[in-house]
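When the chains are written out, they are named A, B, C, D, E, F, G and H in that same order, and each has its own residue count from 1.
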């Protein structure tokens, strides 16, 4: 809100006419770039602590490429999720400096000046098939600047795998992302074992009564353990953003 | 089907006219008593291995009492579930030899000649609030002739309680009934620890996204552990009947 | 896990027989008190950073009272949620040192040695009718040791109320709880304005297509803003626990 | 209903036999053309103020072409929605005077005598991916005779974009169409800022708990702002028709 | 936005310090009154063309009364919906100048200076049981300043009743509100007969597969006639507000 | 439609002015009585073959009584369904010639000139608890003029009861109504055994995954046997009306 | 059941041993042909009045062909529904005497001795896109032996088309099948106009809130008109079978 | 738990240092092999009585092959379900000793030392189209070591087929798996005829209101017969595992 104050002071000092102030007011602090189809929110990083991320599933390769180039030109991290193989080929042919991660379908370019990753976020999955969501979360976290440790395939059907693998990382992480499909029971169990926040990501893995992730979603929302925040089905990015805000807080927390 | 054979042999021997045989045929082996509003299935015990059980929730006290007296007169176990306090008062006033269990709402009278309970069924619940369903299952099992061990309040939010309490009984039971509301994760965990069949009972305990037991139901149907059979929400009786058929098999299983 | 190491060292030293070690093992670090209907998890505070909280909606007054007294005797915060007026009368008659907050239905007794509240959690609601959920979250947070600021009635229908009221607190809080019924749009808007984690609580306020909170729940899960963790419908306690773990982290986060 | 009166007067005057009157009666005012598979409602424009619009998604190219030619021959606007690329190729090859708009999939031919567009309808979308629905609404409106202003990508995640872009147009439009997927929060916010009717169009944009547009639909139906009318998911045409009836009223409204 | 311009000009002229301008800015144009539990939006009438309406279902009699008195003191129409009989008794005892309409549960006090009702809105219902919703819509419309004509019980099961009763009013109204439960077919039929906007209100009347109004809601959203805007189940007020904005437009529409 | 022809001929003959014809036209053949809250469809019996039936659940005792008296005065059968005990007391106190059937909640008065019942409709229920729906169907059928045979409690859990009881009646009935809750399997089995139409009525009997009759409804809609028409949950009246139209056809069917 | 009586009489006469009688008993009256994957129900025509109909959607071309040949060899009508183009090519190449109707996907061969069609069934559809379901119903009816009249595209959006087209046929048909997607309102209107049974078929035509036919299904189940039996979504065959049983009753109905 | 005791005794004897014991502890009894993407649970067979089964639907051919080879090397049964034709080609090309069953999509290799099949499980299906699920169950059972008898196409539409075919096998089986789509009525009927446990498998066979198996699932959960355990839609494997645990119990049951 300092920019509002500055603007008002400019008006008070006479260096800015009221009529011009009004025009600037609505874009203030709050700048964006008009691309026609898109209003690119270039101030998101300073406002929200996380760069603008491009959701690629319902955009054309051309739209994604245009937005990505504008982000890159503004010296911001280029992070595009849900980009299919064929769109990625078009985009990376045009910009060989963009890297495509095919498992989660992410296009990434970090800027040279990006700071070293900090803190620690544990990212766990219940089964092998949850891998794409795990990688979406992990790569987004790394792009945002969080350190990540991955723990695969520790579902509750063989709960000893969880105890063995998780003990170490649960003690050191600032926040845990737990990814599971089917009955989505893993976050309940993990949250019962730790004293850091748990972010639960239901996945669409499963069939029949899984209903594309509804069973896991409901299981996580009604978990008998407290301290769990749930994000949308398969939403690795959303979990990463929330985890990053906790792991690298905007304010000093003591 | 021996009775069908006998009937045909009676016809062959001339001791039974075809026209009479037809009448008897449809009720054969398969007898019932006509009460007007109800056709009481008195042969269920021999046919199914479990006596006719009266579901009281949508019957009047008078209807329950009439059916119960007929069962008693036929020397069968009287077992009526979901009987509310006020209906029970009417029924037990008329028949002081009937016992009312108020937590699950069961009216019971075992016959003097009932055999001693056999085998072992473990009945576990995730939380204190699942008690009425646990008691419905346990009392029905005992009425049918199975031995029961109850394990309360071992939900996954504090999974050490499960390991501590369940270790002993899981080794000895022939089948385990696992009762849980909310996310319904307990059967997955238990099934991962044992080599006997698990019967999962979702309960309507919970609020919001529990949707009256749907979240637990879906969680149990999509459990990542195999070897789990699911019954209807709050259906302690159904779980008991299935468990009893496994615990006290009709045939010798070697 | 130090206790496991100690136990193994006692075995190694011969001061503990293997057979006794096995018995202790399953309850270790992981103690609980057996109340018959309930296994009271007295180690939860050290394990999870938050005391055991009693969910009162599906327990009797007697059960709540018994558990509360055990918690008090163990010098832990007594925090019981969803306690109806009539149950509260029974409980507070027996224990006048317990305080009943009637809006959210909470019974509370903080221990004398409780530390001073720390950090800051903003708790906002969209409408006047969300008050009980707001108070459940706020009182739980205070009982756990977090400082709280309440912001009432800032729904998006008059979005200027949000900007006016929220500006100040959004800059200072470590985490924001946003409570809304109906379309549940407020968390999206708030998350777009801040750089701290947002915890979204859908409420059952509304009618018709609100479907008891489903519309708000879905709206929050699919929010176009990132950085939002969702809890169950009306789950003020769950939001408070997650917020407290973020506001007062177990580890030092720098 | 004047035509009914005229018909009755013809009967009264003897110029029309009762038996012929009956036949004419059922088609009266209410004429249509029988195409076998379709009864083309040629009087819709005079009856409803908007021409017959052809919904192409579940018709063959041949059916669409035949209906379109009949409309054109009757000097009515040809407006076919949801026409796929391959159907459009067949149709436009046969009739090069028909124009295909590929983003929304619309085939259009305005008649030379069409009046100049009137009034103003603002058509806003929350995200880039809502473009096809926005274009369906906008092109239909223009075909019906309403002036349109498009406002793209003003979703609530960066609400400053809305204030900046919308201020101008909200003051001048007679009605606003607001198109949004995911949580569908934009209509609530816009309706809170304006004093003209808002027509909300949920879109199927989103994944997971968006459930193909259900989350946006429920959000719009339960919007805490009043003055919002909701149409079916992705129904740009339906919104356009309603907006046109408001923007260009049949009666003089003062 | 004139107030923003004025404020900036005050700043420019030096009569207002930037720091004071900031404080005033957030409440500007956009005033509200802080009641603690509620932020009363007193500028809604000028901003939205319709006064603040109090939704009473989830507020206490005391809260409703307090808000109503503030509205009255501000010389605004007092309009409170969904007020139960018992709450109304408390409120009207305190303020005998408030009138209670018991069928829809509305408390109303129009101000002496209220303008005469204008235009015409037809409010139709399919069945006798839809009366409370019809009255909620009609009374709200009259309170806002629209003329109303009521048409009862014209459901499609006896469609001749519709033709007979509706012919007259459909020709004169600027907008039609159509209220129906069960299959909700009436708006489709009415919209096919008229050239003014139709606002459809599903009601919760019905049983079984009506699912509390879902069948009617879906029927209206998927109506094969265009030009229909749907509001929430039983939402007579919402329909009234939308109808009023169409019937008494903010701008002159020609 | 003869009345339309007559009307036109009156106009042609000059005995009816066009302007009067228009007024009469809309009510023609199609008469109703205006009661204010209700438009009583007195021509339904001649038009539909079944008298107007009053659905009492959402009407007041006073409304039901007023409608019933009008029907009686018009010498039509008085048939009011879903009338609660307390409403019935009010109504029957005023009109002791009305008979109240308390199990289904029906008020009935047949006219002296009612013809003798014809044909045969079998009405079967799966369980004792389906009795109210069975009686609603049976009494409505008798009121309409169909002969009825009731078959109680022949659910598929003891399928021999069905074979025994149903054999006789299935051979003689012109149509069978099959009423079942829970899994709703009975219509499939019955339809597989007979060559007359089967009308399936799902009931709300059951709990948990019965979801108030949804499970039975879906089971009946997806029955693997053909020749089944389904009506709404608990809709005994609807089944009766359909059965009556089949049992006593309007036209001679050979 | 005559065959059961005959069998018993054979046993009584000594011409059939009881042991052989038992074997024959279970297949009696009730014959079928074992094809390995299928038990072909050759007695269905005599038992149910309608031949066995092959549902082709989930069978292979080879399975359909094998079943069809067995039916043909047994001199029964060959009627296979939901056969895709590519399966039909395989089948008709092998059996050129089978006729493929591509719109509904039906393979048909009537036997030379099939009786002339009787009675009259009206089959109406609301829109052009409902054609495949209309044809499935109509062709199945003709194959079963009912006369059919088709009425296309008479949806309620232009209700005059219904009155014009339907008047004639409604007076002559013994039963009406009404097919509609989207809001499914047509059966309500038609049932209000006729005194013969109405069979309602919801179709999956529509998008968004049509939910693949759910909106039409619910609309038809909750229709405010009585006398409607509903079948599964898109189930033209099921409607045909029910209509045929009404149109050509097994028993003489007078 | 003997391995835990042994470990503790090793510690007691001094042959194992506490620090090494801790490391071994978490993998104990509870060994698994780390494949990176997967933690292969090699101890499942001894712990659960059934080998690790690989769910292939959401794994790549390469992942399945790698896991399968590890299982084979550990001398365990290789059993991979839901493997598509194209994945199977890759896998069987690499390992010609693996057998592919194309109907259910199973890859299998039994070890030479596998014991002879024991007991008897009946696997019944309601229709021809349920074959893939029937084969998944049957082949899994045989791989686990149970004897199987298949009964095809005995749905309730021609219930005589069930009586004929099932009589023999129901008397001899220890447990029955009943597979059905559409209304899922078969388990209710079968359970009413037998005294062994019934495992019900809903299938996704059907259309419209079958909703991909939901109708069958609900029908089975609400079956009026007791003694039924339900598994997920199309889950032949889950049914097999549960049936095997009942048919070949871990403990001797007498």
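Methods note: contacts are C-beta pairs under 8 Å (C-beta built on N, C-alpha and C of every residue); 3 or more make two chains touch, one makes a residue touch a chain.
As the structure is a computational prediction, the values presented were derived from the model and not from experiment.
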Item to check | Partner chains shared by subunit B and subunit E (touch criterion as defined above) | outcome: A, C, F, G
Checklist entry - What is the chain whose Cα centre is as far as it gets from that of subunit D? => result B
Item to check | Between subunit F and subunit D, distance of the C-alpha-averaged centres to the nearest whole Å | outcome: 41
Item to check | Chain centre separation (subunit E, subunit G; CA means) in Å | outcome: 49
Item to check | Where subunit C and subunit G are represented by their mean Cα positions, the distance between them in whole Å | outcome: 58
Checklist entry - If you look at subunit D, which of its residues touch at least two other chains? => result 1, 157-158, 167, 191-193, 208-210, 217, 221-222, 232-233
Next on the checklist: What's the complete list of touching chain pairs for this entry?
Outcome noted: A-B, A-C, A-D, A-E, A-H, B-C, B-F, B-G, B-H, C-D, C-E, C-H, D-E, D-F, D-G, E-F, E-G, F-G, F-H, G-H
Checklist outcome for this item: subunit D partner, complex, touching residues on subunit G are 128-129, 131, 152-154, 157-158, 160-161, 163-165, 167, 205, 207-210
Item to check | Of all residues in subunit C, those that touch subunit H in their complex | outcome: 1, 4-5, 8-9, 11-12, 14, 17-19, 21-22, 25
Checklist entry - Of all residues in subunit F, which touch subunit H in the complex? => result 126-127, 155-159, 182-185, 188-189, 191-193, 206, 208-211, 214-216, 218-225
Checklist entry - For subunit D, which residues are in contact with subunit G within the complex? => result 26-30, 32, 36-39, 41, 44, 55, 57-59, 63, 202, 204, 212-213, 217, 232-235
Next on the checklist: Quick check on the complex: what are the subunit A residues that touch subunit C?
Outcome noted: 1, 47-50, 53, 118-119, 167, 171-172, 174, 191-197, 199, 217, 221-222, 226-233, 237-238, 241-242, 245-247, 249-254
